Amino acid sequence: MINVDELRQVLDLARDHELTELEIENEGFKIRIRKGGQVIVQQAPVPASAAATPTRVALAAPPAGSAPDPAPAIDVDMELAIVTAPIVGTFYRAPDPNAPAFVQPGDSVKKGQTLCIIEAMKMMNNIESEYEGTLAKVFVEDGQPVQYGERLFAIKRA
Amino acid sequence: MINVDELRQVLDLARDHELTELEIENEGFKIRIRKGGQVIVQQAPVPASAAATPTRVALAAPPAGSAPDPAPAIDVDMELAIVTAPIVGTFYRAPDPNAPAFVQPGDSVKKGQTLCIIEAMKMMNNIESEYEGTLAKVFVEDGQPVQYGERLFAIKRA
Amino acid sequence: MFKKILIANRGEIALRVIYACREMGIKTVAVYSEADENSLHVRFADEDVCIGPPRAAQSYLSVPAVISAAEVTGADAIHPGYGFLSESAYMAEVCEACHIKFIGPDPRVIRLMGDKARARRVMRKAGVPVLPGSEGVVESEEQALKIAKDIGYPVLIKATAGGGGRGMRVATSPAELSQAFRTAQREAEAAFGVKDVYIEKYLESPRHIEFQILGDHHGTVVHLGERECSIQRRHQKLIEESPSPALSEKLRRKMGSVVVDAAKAVQYANAGTFEFLLDQQGKFYFMEVNTRLQVEHGVTEMVTGVDIVKEQIRVAAGERLSFKQSEVTFTGHAMECRINAECPDTFAPSPGTIHVFALPGGPGVRVDTAAHSECLISPYYDSMIAKVMVHGRDRQEAIARMRRTLEMTVIEGIKTNVSLHLKILAEADFVAGRLSTAFMNRFMNATAAGRTLAEAV
Amino acid sequence: MFKKILIANRGEIALRVIYACREMGIKTVAVYSEADENSLHVRFADEDVCIGPPRAAQSYLSVPAVISAAEVTGADAIHPGYGFLSESAYMAEVCEACHIKFIGPDPRVIRLMGDKARARRVMRKAGVPVLPGSEGVVESEEQALKIAKDIGYPVLIKATAGGGGRGMRVATSPAELSQAFRTAQREAEAAFGVKDVYIEKYLESPRHIEFQILGDHHGTVVHLGERECSIQRRHQKLIEESPSPALSEKLRRKMGSVVVDAAKAVQYANAGTFEFLLDQQGKFYFMEVNTRLQVEHGVTEMVTGVDIVKEQIRVAAGERLSFKQSEVTFTGHAMECRINAECPDTFAPSPGTIHVFALPGGPGVRVDTAAHSECLISPYYDSMIAKVMVHGRDRQEAIARMRRTLEMTVIEGIKTNVSLHLKILAEADFVAGRLSTAFMNRFMNATAAGRTLAEAV
């Protein structure tokens, strides 16, 4: 969905910084602006399996510095599948502190293979892969809390 | 000044009513919209002497029925000068109830000629013409209250 | 005192709890569904955790999701607000097991009061008048007919797990009773999963009178007077006020002491509401106890000056109530109108984006809301978007104040029931304080008749 | 009672009067300048009249424009609000001549209190303590030096027509006095057209304490307790509260009775405020009487429950005050922060369009404002855009409530002083109630020093 207020804020920022071109892409949401030409707003397609995390639109205009972090940008064209947390809890990469991680970047991953554990209410919940491919990225550190829908892994699909 | 919200409301209304063309003109303020083409918003020049009455922008979106009344539209190109009330009070077209009106439509008008009286605080204030020309229109009925800036006469300038 | 409270709710009541926590110097954790990511309660809590998708069953009603959120954020207490998990004995038990304080009564009390037939028995034992009716669950149609004959028609059949008017049927004759008994059982099973029903005497045009109580873990229970909530439509309250125009000082004292004694008998701690029906002869009958903060608690706060949410937090932390019964005073008259996002004629919900939202201030006005200009009213949850409360020297001033406040309320982009409230406030019976739970039915019929007449002319 | 009241004002105070009129069933007429055509007071009045161009001198300050608007609309009374024509004896006289009730004291009383030197004399005669100083106007430098020698330095030179700190100078020595005397005369002449000045003893760090009174035309005068308004910057009040942390019950009673006696002595009718300085020894000295509704009247309304604007209207219509002094009660503690459209560091005005405007509710919060999302704050008038008021059980709760309210206030599009208020509310001296009119100077210097230090590091 296009949030008109958000769009306006983006356009204001673009003007304030005298940009002639600006492109923001964030998990299925994409804005491209070219000054002197037209304004193009489009929603890029995302793999149906990945839960799209909505962009937080604060009431406050975001300070220029807090613009969406471009670092972990996911290139949709690369056919990356995103595994998100299905429950709130604590994220563990290994079955116990001394064991090796279930998966490491570069490992090949099978459907149904355990990727991690999320502990919730003292229960250890195995999180299994819905995808086949190669583990491209781990987004969360071992032992960290995760919320619903938070990105855990990116898998380059086979 | 262009009120963007108002414009949006106007555009919404235009869309809701499936208009293909819409023109609103109201004392120096002009909006023209053509669908399929471009949106043109412009502020038409008004004679510097006429006090421009600002358009009321209510918090509420105006109901479709209350769109600016097109009846007394002033064609700026016709060089009409508008005489507005410089004070609040009661408008009289004649010096006393039995006398004829100071001016009638079609009469020629000279600079400094008395056009009407506005009674305020029991004082009779002569309102004189700043223009030379022909009286084109009387906007207010005899004996009616007028507020500041209210249109009284239109004069076709000589 | 708690260091961090997780608020297991959304909307205005989540903000209400944040207000109290901030004033007490307690950190807050907001939980939210994906539909509420841009909500004010998320913005103003110190921390926030997304706990699930928009559907409440998978987010706000999910005990594991809420408890996990409390665990990962290190919250030492959970305030459940109203609705959602606020009357879940299971939730309170899990909290206990996880060493997180549940800000509400003990699970034992929640469970007891949640079973309407059992609560009725316990209350009768504690000296609270209850309507003549069955001793607990009515098993068969024959038994139902016998009881109805004893107490006399009309009778009301109610689900023991009931609420919100579901599983509830009136019968005025034996023939109607057979039909109504089966319907009520069916509805109860569909709505609550339990088909148990019981029977009570049905009152014609009673008033809904409820008493707000507060208890601590040191044996103290106080009441904060009554609220009259007779203006209801399909068991949904629309307008609440305090004091009730129907209660004499003597009756208030009597009901207050009955309520306090009964609460003490079950060792009630935290906030609760005793609901009664009051008949036209001034006799009152116990209906049920709501073991949570009530939507309309603000009305009581205005006349007593007590901050009920702060007291809830204090007593949950083991502190004593900050005042005694003798220190409770009642000043003036307070009234609340619930503003819903709905069509004022058809009552169809009206979700969408609010484009303009402006409410007036001035003396004696309080507005609790999570809405604001350009906010989205989501279709997933309750349609209540604001509680407009006023306080005046007397009922007349309160009504005048409510009228001017609603007249000067601007909400655009969605439909609301503001105009319905203004019509009710103008009704002669309402102005005269002649209220009953039958008011809205009569009002709606009169309005419908008026419309039909107008169309005929 | 009046049928129609014209409100000769704008902004939040015009709305405040509309609230009162609507509650009393009185029609209202809004007047507005061309800059205010889209304002809420125009929207919510029953009638409205444009009275002139944006500049106040040609609209809100124009007696003929306001009176003509009342005449053409048939208003039978005019409420002047505060500022603009509210303390114009001439306006009150013209109203009298036109048989329109001016909702305020008699022109005679307004004129008397408007002449600061004469008011001082009259008050001293009525038994009100005044600061040692000149008997009326000081004509020459020689006379000034003699008086200053008698009462001792430091002394304050003030314009008799003064207000807002203009024409006011402190002198700590004879050398300074000569200079200050001439400067004050020059400033007074420039600001008020009259160069008359008088001399008073100057107090070092006094508190600003004011008493709210109400009088009717039947000889009754009551006081509604005090407000402390010591938090001022350049004589502009920023934060007001009631009660004052500095007043004992005994001192309150004493000052109250002095004020009521003095008001009776001048046959004061309608609302008024007696302003005093209170020194560190608990001695109080009369400063002036404001013969109008005060910006900060809401603080008194919160602790007393009295609707001051309604009482103003009632007594102007010839009715008796609706209560006696013995019925006035003081409950809890109230505080007001004036929210201005200005830069919190430089105090430069910040007019413009407010894009987001959302203020929290909850118990004990009142916000009087004419602002709303997407409204334009015009550069023509006062920069105050909202009055945020809170009421708590005690001062501590009031401060906590004010903090959470301001923390959760969202105003975007313009700069406001909300952050400045939050800093003041966090100051140890403020929290401890150690207030004085010197507070803001010290606070600003400390803040500036902190900034300089931070920049140096």
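The letters A, B, C and D name the chains in turn, as written, and every chain counts its residues from 1.
By our rule, contacts are C-beta pairs under 8 Å (C-beta built on N, C-alpha and C of every residue); 3 or more make two chains touch, one makes a residue touch a chain.
Note that the coordinates shown come from a computational prediction; the quantities given were computed from them, not determined experimentally.
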| item | value |
| --- | --- |
| Contacts common to chain A and chain D (chain labels) | C |
| Remotest chain, chain C as reference, centres from CA atoms | B |
| For chain C paired with chain D, centre-to-centre distance based on mean C-alpha positions, whole Å | 42 |
| Between chain B and chain D, centroid-to-centroid distance (C-alpha), Å | 40 |
| Chain A and chain B: spacing of chain centres that average the CA atoms, whole Å | 58 |
| Shared-contact residues (touching 2 or more other chains) in chain A | 59 |
| Interface hub residues of chain C, defined as touching at least two other chains | 40, 356, 358, 372, 374, 410 |
| Chain B-touching residues of chain D, taken from the complex the two chains share | 34, 37-38, 40, 43, 49-53, 59, 64-65, 67-69, 71-73, 94, 98, 372, 374 |
| Complex contact set, residues of chain B against chain D | 5, 53-54, 56-59, 87-90, 120-121, 123, 145-150 |
| Residues on chain D engaged by chain C in the complex (per definition of touch) | 12, 15-16, 18-20, 22-25, 40, 44, 298, 301-302, 305, 307, 331-332, 356-358, 360-369, 372-374, 393, 397, 400-401, 403-404, 407-408, 410 |
